[in-house]
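As written, the chain order gives the labels A, B, C, D and E, with residue 1 at the start of each chain.
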Amino acid sequence: MGLLTFQGGIHPPDKKELAKDSPILPAPVPQRVVIPLSQHTGAPCKPVVTIGQEIKKGQLIGEPTAFVSAPVHSSVAGKVVAIGEFPNAMGRMITSIVIENDGSEEWTSLKDNPDYMKLQPEELKEKIKNAGIVGLGGAAFPTAVKLSPPKEKPIDTVIINGAECEPYLTADYRLMIERPSEVIEGLRILMKVLGVNKGFIGIENNKPDAIERMKEAAAGDRNIEVCALEVKYPQGAEKMLIKAITGREVPPRGLPMDVATVVQNVGTAFAIYEAVRFGKPLIERVVTVTGEGIRRPSNLMVRIGTLISELINHCGGFVNGAGKVIAGGPMMGFALGTLDVPVTKGTSGILAIPEEGVIHAEDFKPCIRCGRCIDICPMGLMPSILSVLSEKGHYEDMKDYNLFDCFECGSCAYVCPSKRPIVQLIRLGKSLVKP
Amino acid sequence: MKEMIKITMSLVVIFVTAGIIMASVFAKTAPIMAEAQKREKEEALKKLMPEAEKITEAGKWEPFHKHAEYYEGKKGNDTVGYIASTYGKGYSSYISILVAVDPDIKVRKISILSHGETPGLGDEIEQEYFKKRFEGKSLEQLEVVKTETTDKIQAISGATISSRAVTNGVREAVKLLKEKYQGGTKG
Amino acid sequence: MENLFELFIAASLINNFVFTRYLGLCIFFGVTKKMETAIGMSITFTAVMVISAALSWLVYKAIMIPLNLTFLKIVIFIGIVAGFVQAADTIMRKVSPGLYYKLGIYLALITTNCIILAVPLINAGEGYSFIQSLSFGLGSGVGFALALIIMASIRERLELADIPKSFQGLPIAFIVTGLIALAFLGFSGLITL
Amino acid sequence: MEAIKKEETIRELIVSVSPHVKDEETVSRIMWSVNISLLPAFVMGAYFFGPKAVFVTALCIITSVLSEYLVQKALKKKVTISDGSAFLTGLLLGMNLPSSLWSIKPFTIHIPIIGSIVAIIITKQLFGGLGYNIFNPALIGRAFLLISFPKAMTIWTEPSAAFVALDAKTTATPLGILKEEGLNKLIEVFGDKLHLYSQLLLGHRAGSIGETSAIALLIGAAFLLYRRYITWHIPISFLGTAALLAWIFGGKDPHTGKLLFFAGDPIIHLLSGGMLLGAFFMATDYVTCPSVRRGQILFGIGCGALTMLIRLKGGYPEGVMFAILLMNCFAPLIDRKMRSKVFGFVKKKETGK
Amino acid sequence: MNNRSYWDLIKNGIFAENPIFRVALSLCPAVAVTSGVKNGFLMGIAVLFVQTMVNVTISVIRKFIHPRVRIPSYMFVIATWVTVTDLLMAAFARDVYKQMGLYIQLIVAFAIILSRAELFASKNRVVPSFFDGLGMGIGFLFALIVISFFRELLGKGSIWGFPIVEFKPLLIMILPTGGFFAVGLLMGLFNWIDIKFFGGTGASGGGH
């Protein structure tokens, strides 16, 4: 049957059954949160609180210093105990604010505004901006920026990305099951902000119930369409998604807006709704804690700044010799060097896989030119050649093979029978040559 | 100006001396070369028909539009045999052959003058064992077969094409001589 | 006509100068390290090849044979080639500096290359007609160009292979050439000349 | 954060780059599967040409694997004979040789050994081993032998059923007959056309050990295609082109022997010689064919065309080997010129500088 | 100059700057005429003769040649001596000449000769030039003999036409293919020795 999709892609076993059926529950509010001032693509924030200061939940603690940036808010009520460098999931040291929770859970003023749809687009965007909302799908790109395309690039389509193509993760899925109407509202807001009357929601076909729910929620709205997508990684990559749904191809190195489209993740849409309706800043998000290495896989509503180790303990700790813990999904996530790192706005999942499930990057073989990677590369690149060029140090030549069009989805490395660390080699190349 | 003259002078001198050297060497070697060529040809013929006292050219013909001659070998007044030069279309070249026949037009001996066949495959045709296969064969017997045989010409295995080329060349020559000297009748 | 075509095919594929006549090897190994140079050389070479074939044919038939100077053919042919290359050099520099910038360097290399001399010599030796000489020259040129381009593409791939130290560079290049020659034996016997 | 530290339950976190899951396909799995897929054809070969066939092939395999081992030791490289590629090279080389090579008088047993050494050492290891060679090792091995030992390499034994045939009598291959004596003679030899076809399908004909049984080869090929170890691109374009050309130019007027257009018999050409073995198992060697599908189609067409050129016009009855080797020369050029289409790329094609 | 250093000049030609294995100039004959020791030897002799004569001639007339017409004059001198060689062989060594006449004539294009004339003879007195030419020639001869030895032995099972074994061990060696293999493998071998025992870089030169 004619499911929407794109050229290439792979079919890794989606281990979603692990956490699929556990409803989103609030994670225990931690004694202490570590909130990095840079959780997004773009410039870090500068702190606006001082050590010892008493603050409320949702209070602004870091304000943006540039256009491409997003404010940061406190996720608990309590006292600032430290401002300093703490490691984040990628192992980088980031200026973060540590807050001791006083348990009062007292909000800064939240006020419900039921007829928010009457607001002007600009006002809506202002709310989104002030709520510090960024893309929850992966890059954590400041949403407000996405929503302010330059004049010469009019937008005519908004797509909600419900693909969740990464194996294991079920955060977006649960949201769509449990809060369909909010997500739809989020989409409507986005459409209003951008003055667009075409909205799509793309969902992979392995989540029929999600598709059902969203359809019901969107029922009667001719401007919103729910599309079933073929189950294939990286269906959720925005370029692929746009291709699948609208048939438009984002030009190399281009942005969605080059084809008059904006893509937002389900979680983002939900956050936008809450921000606009209640003025609630982005201080919590849904995180899937799962993997064969976790005793009780579950989907949790987690406060930004909660340490990953706490979440793991909450889920019953590790079982059958977990060897590797990943922030994000298995295809693109980062392996953690320490568990004492905070959940940030971009953390969509935490994944623990057992020792034997781990392949070691060292013992890879030469490329046998089997062409698998070329067949599946969603960007139509030639990973084999890129990897060999990088391996042999011919970095400059990599540009002839469109090095910078690679968005590091990892599909090539997944299929490679020689187990070549292609993505790593490509990243190396990217870091050594200038575009 | 003086410069130019100097240059030209030096060049001229070099050219002239060089020219003289080459010319003189040529003058010395040219006759030897011509002599050698002539001798080679005669010896080739003589080898095929030692007993003939004198071998005279009896006419020309054109196998594959190439120039070839045939000769008559005499001892005293009686003919001891005929020789024809001929060609065969080989694997990668035209093979130039000399064929000597008895007065009754049976092949007496053949020799391969030149060819460009593959070394080790086609150039087996130069080997005595292969040339011997032609001795005493009459026109009808001159035909290549790939199996063991003494009645006809057995191909060199792996070089059937070259073998066939030689055989065809020889057959043409024999046919020619037959017409010329036996009016096509069997003797 | 057919004969001309056969001559062309034979010269370019079956008796390819590099793979079966072992000529032009210095240049062949010299310029095939990079594709650009290989292509530049192919173009220049084919052109020079055809023209010098024509020139030397004229001189040979019109002057040397009548005056019985054939024994000077080496001197004269190399003179012709050198002279022509010089002329081409100057003309190109004047007429199209761009092209000269691209191909000038190769011209310099060509003079002391054996193919460029082999073509007139073979033409003389085989006593080819004018047209035949041309198609032979063209065939040889195209064949050589083909060889250069194949070799260049292969050597670019060898760049990325980990070849044992003592075989890097020329030795492996020779072996590759040998293997190509082995493959080209497949063409042998297509045409009898 | 000390509080948390205590409850940590795992000692050493493994840190590696994404992706963190990988397909279970490995090089050795692929290579061994290809070996398996050749089994049917090999068994048929053994069935028709007897123990000699087995000996010759075994000899090639042993020598290949051994030379690979020795070279890698000598070069102080990691020994990779277990990945099955050397085995496969040996197997394919063996299946490409006449069983008659197993003979004491005249002594030709050294021939398979030399071939294997050339294949592995000169063609593969000198270039850096698996993945780096430009030419198909097995085929270079065979070509080398054909030129070095033209006689021994063109002695074909009569197939005789049931694993016996210790010293069967020699004969010509169908293609040999076709080339030397023409189609009618060939049909005459086999009785009638239908019988000819069936025998070719079954593999009851003179030829290299592994090339004769069309059915067995097709079974193996089907397996490879099903497992996606090879794709249709090369075999189909190869066979298609060959069949087309065979049909157009393959016909001869039985009396005048003149070329007769559109009268050729493609089926005979497809089923005889090394056509199937070559198209499915040798032209498809990843390492030596272009890796972009479009390029592979061109590659296949080239193979088909050259094969028929050599078969019909060349001095040699069989052309598959030389055709594939010739196209191997061009593979790097094709790869260079025919890149995959980059997502979102519009018009003005990219030209490889 | 004492004979010691003359000997060095010759050694230099044979090993350090061996025209074929190390300098990698004039490669064509290395493959073209080495299918038999006899041909290889005669070719080597021809080159030796030409190189020596050219060196001598040039160093004699070097003062006399005007720098601006240097190269043409050299070419001319070379062409002259090649012609002489050609004529002589045509007259006195016909059977060999039939096989390799073309290559004899092509000596004129061998880069090695011009380069020695340019690099050495034009700067040195007669005697050293003579020995340099000799050295280069011998080096060339040596290379050709080594290559042709292997090729004839393997390809024809004979040496200088005298059968060693009655069969042909590896026919291919006397075909072009084999020629390239032989040179490639020998070069590799030389490099290996160079690296292993003389700690060299093992990089053979390349190019015309």
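Just so it is clear, a contact is a pair of C-beta atoms (placed from the backbone, for glycine too) under 8 Å apart; a residue touches a chain by one contact, two chains touch by 3 or more.
This structure is a prediction, so every number in the text was calculated from the model and none was measured.
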| item | value |
| --- | --- |
| Two chains sharing the most contacts, counting C-beta pairs only | A-D |
| Chain centroid nearest the full-protein CA centroid | D |
| Inter-chain centre distance, chain B versus chain E - centres from mean C-alpha coordinates, in Å | 34 |
| For chain D paired with chain E, centre-to-centre distance based on mean C-alpha positions, whole Å | 42 |
| Whole-Å separation of chain centres (CA-atom averages), chain C against chain E | 22 |
| Whole-Å gap between the CA centroids of chain A and chain E | 70 |
| Chain E, residues touching no fewer than two other chains | 72, 76, 79-80, 83, 87, 171-172, 175, 177, 181 |
| Overlap residues in chain C, where contacts from two or more other chains coincide | 71-72, 75, 160, 164, 167, 172, 175, 179, 182, 185, 188-189 |
| All pairs of touching chains, each written as two labels joined by a dash | A-C, A-D, B-C, B-D, B-E, C-D, C-E, D-E |
| Residues of chain B defined as touching chain C within the complex | 18, 22, 26, 30, 89-94, 116, 118, 161 |
| Residues of chain C that touch chain D when the two form their complex | 35, 149-150, 153-154, 156-158, 160-164, 167, 172, 175-176, 179-180, 182-190 |
| Partner chain B, residues of chain C touching it in the complex | 14, 71-72, 75, 188-189, 192-193 |
| Complex interface listing, chain E residues touching chain B | 35, 61, 64-66, 68-69, 72-73, 76-77, 79-80, 83-84, 87-88, 90-92, 94, 98, 155-156, 168, 171, 174-175 |
| Residue ranges of chain C touching chain A (in the complex, touch as defined) | 159-160 |
